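In the two complexes that follow, chain A is the common piece, with chain B as its partner first and chain C second.
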Partner chain A sequence: MSTRLARILTTIFVLAVVLLPIYWLVSTSLKSNREITQEGTLYPHVPTLDNYVRLFTEKQFGSYLTNSLVVTFFSVAIALAVGAMGAYAIARFRLPFAAERKVGLFLLTLRIIPPVVILIPVYLLMLSLGLLDSWLGLIATYTAFNVTFCVWMMESFFREIPVDLEEAAMVDGDSRFGAFRRITLPLAAPGLAATAIFAVLVTFNEFLFALALTATPRAMTMPRGTATLIGRIDTDWASMSAAGVIGALPIVFFALLVQRHLVRGLTMGAVK
Partner chain B sequence: MPSGTQARKYRLQGAGLDLALPYLMLAPGLMIVLGVLVYPLWDGLRASAKAYRYGSPIADVGLQNYMHLWSDAQFLNSLWVTVKFVALSVSFEAVLGFALALFCLHEFRGIRLLRTVLIIPMVVTPVVVAIVFRLIYASDAGMLTALSEAMGGGAVQILGNPLNAFIGLVVLDVWEWTPLMFLILLAGLQSLPHEPFEAARVDGAGAWRVFADLTFPMMRPVLAVAIVLRTIDAFGTFDQVFVLTRGGPGEATRLISIYGYDTAFKFQQTGYAAALFVTIGLVVLALAFSAIRLLRRVDAS
Partner chain C sequence: MSSVLYKNVVKNFGALNVLRSLDLAVPDHKFLALLGPSGCGKTTALRILAGLDMPTSGKVFIGERDVTRLQPRDRDIAMVFQSYALYPQMTVAENIGYPLWIRGTPDAERKTKIGEVAAILEIGHLLDRRPRQLSGGQRQRVALARAIVRDPAAFLMDEPLSNLDARLRLTMRGEIKRLCQRLSATTIYVTHDQVEALTMADLVAVMHGGELQQMAPPIDIYDRPANRFVATFVGNPPMNILPVALSEQGVMAGGKIVVLERTRLTACRLAEIVEIGLRPEDCSVAPSDAPGALPGEIYVVEPMGNETLVNVRLDGGNVSVRAGRDFRGVVGESIGVAFDPANACFFNSAGLTAVHRVNNNGRVT
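Then we have the complex of A and B:
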């Protein structure tokens, strides 16, 4: 009986620690700035959606959201297509000098290096190409990061698919690439989905490169746009919390929807 | 891999156009990576050997930027803050995550809810996590102040005080990333073999003996992987600090990534910042590869 009580109490405690901060964000977003700073209420006494409306009418969150969706969609889609092919080549072919394994190791090494390390040269590159503050600049950057991840993750999925099926298709007259496209790729669909989900998550949430590479609502993404609300002297808590809710809501909803596939990506394959 | 499979793979490659196929399939991905990641890496290496003024290179200075780092008090301080931050956060996350994983190992009602809710902190945009914690810590609008006032106390000062701000940052990181430790370690625990534990129970071993003699030693490789992953990740922490404290007050929470960013974009010392980032990259790579080597040795023995 006492272990049961301990379990219930621990569960409640953990739930509270995780959810209370989220509750405070949502609750603040429903208050007026006066209620937030002067009355310090524990819940919104006069709930209002004004903060949300203001984000879209005065603060261009419509553009931020559009930019985020466009950039995330294209960088993940391209990386997935290109990465799946690369991963297949590494998983299935034995090249001279074990080249395929060296390429795999090389991509993994690139993944270990913290992105901040290449922030300056990427900025200089986009500057010289005239791609600062544009969708294309962000898409190119995110695609490259996603490719290293997609290759590395898809490779393990392809290895789990038996070669015999492709052989059978080729005996039936399929080309090698045809066998990949018609047999292996559909079989790897769950892996492809898991990879895409994780890539979407990381790309949608990315801030550092968005901070350096964008400057106006033309290309600013959600996290980048949200950061513009942080003033030096006066903080507009109401807008900031509403922006936090809008920025987090789609991604949390999406993540909970697909949580089963998420764990593998989040743990970088440490868990299968 | 058995040689039969290997031979079959050679045969599969066939002749003619199929011979070029692996290269054709690798090419697009490699081209993107070479253009957008590798070329910048090389370019950063070149920039790190130059002095800049107003964003343009003015002179080759060889390794001077790198040598200057070690006499730069601000760099050394940011390195120290980063090491403290990583060591403290990752330790707390490992201990709490392990405890939580052990707790959740026994099936009980509510565990699904717990696991689902624990996904939230690590998928919420890091910028938003920082906003959440600003809303908790703020001395005027914060949850802590509101709670303290509800109980008759005064405003709580977190982000204005160097020590409190640093602790506040560690708390944020622990809140955000303990769930990841938990998930990795829970999966590790679930994949342990049952037999040793049953034998121990038959022998009447107590809970602590089972943990110290069985669970912990068997979990060491998984624990090591989880800690290495988190450590590498924590070294690059930027977003949360940028939004929460911007490195302040003073230099109390100025992680190395923030210092590098400011050096490059605020002070326009492009070459110096490039040298700083190359150094971080090398440190993290060295850390990662020595960890991998260590793990291999543990695996082999």
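Then we have the complex of A and C:
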């Protein structure tokens, strides 16, 4: 009996830790600034959607959201396409002195460098290319980051797929690229989904480079746009909460979409 | 269908020499078994023919065409893999139809073809299933169906039965043989199982250490092995080998003089033979003092049901003898091993068969 009680209490505790911040975010987004700062209520006494309306009318959150979605979509899509081919090459082809392994390790070390180290060089690069405060500048930067990550993560997924299948396809009449596209890639879909969700998360939430490379609503992303709500004198907590909810929605939606693949992707190879 | 030719094919993996100058010709419509222990280069030879590995040097021909540098898809071959390599995301019908689909065969024709081969292999009721819903034997049939759905120049099979259990292997062995005879297809079949090679093939090529040891019809591989390796690799239990010394009337083996017929003795002398080879079924048990029998003692007795394998320790080594099912002997008992010297073959110091057994028409070589 006591173990059962302990189990229930543990579950409640874990759920509270996970769900309370989300509840607080959503409930705060439905309160007025007065209710937040002066009354400190536990739930919205006078629920209002004014905060959301204000984001899209007075502030420029329509642009921020569009920018975020466009930049995330293209940088992840390009990184997945390039990364999948790179990962496949590293997983399948043997070079003299096992050079392919060293390439894989080298790509991983690029991820280890703290992003802030290359912030200034990237800024200067974008300045000279005239890509500051543009979608293209952000997409290029994020793609470069994501490719290394995609290659590294997907290589193991490709290794799991028996090489016999591609060889059979090639004997059956396929080219190597055709065998990759028609046989291997569909089998790597769970891995692709798992990689995609991590890349989407990192890209959609990225703040540092968005801060340095964008300056106007033309290219500002959600995290960067949300930061504009922090003023010198006061902070618009109600709007920030609403922005938080809106910023989280695309990720939640995407996660639900690939959830089935994600679970398979994360456990792939764990059991035969 | 086409003939297949390997010309001086060499394959190195780094410093490892897997194939040393392989020369092999498979005539049109013949079923060739590539037989050898693991690591002998037989699978590498097959993969080079399929275009999945490139030879370090040498050429490969299918029919008149030099295919050495061609992509697998341009070689007009079909292959059955050891793992079956069925595409997991496709149904059985899609798997079988894949070689046709990829070549742009019209839907209607493809469907008819799939139906035909599915009927031949008795898997018509499985067409909508996925590979993971099939048993090992059914997967094997689907893999075969995918190979025969086209009419390729040659069939390549890489140990296709090795993942099946013993009973199923026996059934499929017969089925593949029937299928290949029916299609009259040039087939290269890689196996390490000598029973498969001997029972199924028109020709057996025995490989060892990256070199072709002998290529001949199964009965010749068994009766007239080219060297000591083939003699001891083929046959279960393998051929008995005993050291011999030449003497006046014959050879000295197992502590006794084995009298040889004149021409054979001369041949043995000229070749400076050092060993005698005897198949277990050419030997019989006899009283230890019987004339001509080599004396020894029983080392192991293995009743097999239909026969009894008796291992006898002689002076110079042990020999296996196939005895009748009613043989009763006790380990350590004195016994003799009798044989007709005409059935023996002799090896020289290089391990080559210098003098073969006298074959059925009495010809001596």
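Some notes on this structure:
To be clear about the criterion, the second predicted complex is superposed on the first by the 252 of 272 C-alpha atoms of A that agree within 3 Å, B and C clash if a C-alpha of one lies under 4 Å from a C-alpha of the other, contacts with A are read in each partner's own complex, and residues count from 1 in each chain.
By definition in this document, a contact is a pair of C-beta atoms (placed from the backbone, for glycine too) under 8 Å apart; a residue touches a chain by one contact, two chains touch by 3 or more.
Predicted model, so just to flag it, every value in this text is computed and none were measured.
Look at A:Pro114: by the touch rule set out above, it reaches chain B but stays clear of chain C. Between chain B and chain C, B touches the greater number of residues of chain A. With both structures placed on the common chain, the touch criterion links A:Val103 to chain B but leaves chain C unconnected.
In the superposition on chain A, contact of A:Leu256 is made with chain B only, not with chain C. After overlaying the two complexes on the shared chain, residue contacts for A:Gly173 are found with chain C alone; chain B is out of touch.
Once the two complexes are laid over each other on the shared chain, residue contacts for A:Thr228 go to neither chain B nor chain C.
Of the two partner chains placed around the shared chain by superposition, chain C is the only one that A:Ile183 touches, whereas chain B remains out of contact. The interface of chain A with chain B overlaps its interface with chain C at residues 167, 170, 175-176. By the touch criterion given at the top, residues 162, 164-165, 167-176, 178, 183, 186-187 of chain A touch chain C in their complex. Listed in rising order, the residues of chain A touching chain B in the complex are 7-8, 10-11, 14-15, 17-22, 24-25, 28, 36-37, 40-42, 78, 82-83, 85-86, 88-90, 92-95, 100, 103, 107, 109-110, 112-125, 140-141, 143-145, 147-148, 151, 163, 166-167, 170, 175-177, 201, 204-205, 207-208, 211-212, 222-223, 226-227, 230, 235, 237, 240-241, 243-244, 247-248, 251-252, 255-256, 259, 262-263, 266-268, 270-272. Of all residues in chain B, those touching chain A in their complex are 5-6, 8-10, 12-14, 17-18, 21-23, 25-26, 28-30, 32-33, 35-41, 43-44, 47, 100, 103, 108, 110-111, 113-114, 116-128, 131-136, 138, 140-141, 143, 145-147, 149-150, 175, 179-180, 183-184, 187-188, 222, 225-226, 229, 232, 235-236, 238-239, 242-243, 257, 260-261, 264-265, 270, 273-274, 277-278, 280-281, 284-285, 288.
Touching chain A in their complex are the following residues of chain C: 50-52, 71-73, 75, 77-79, 81-83, 85, 87-89, 98-99, 102-103, 146, 156.
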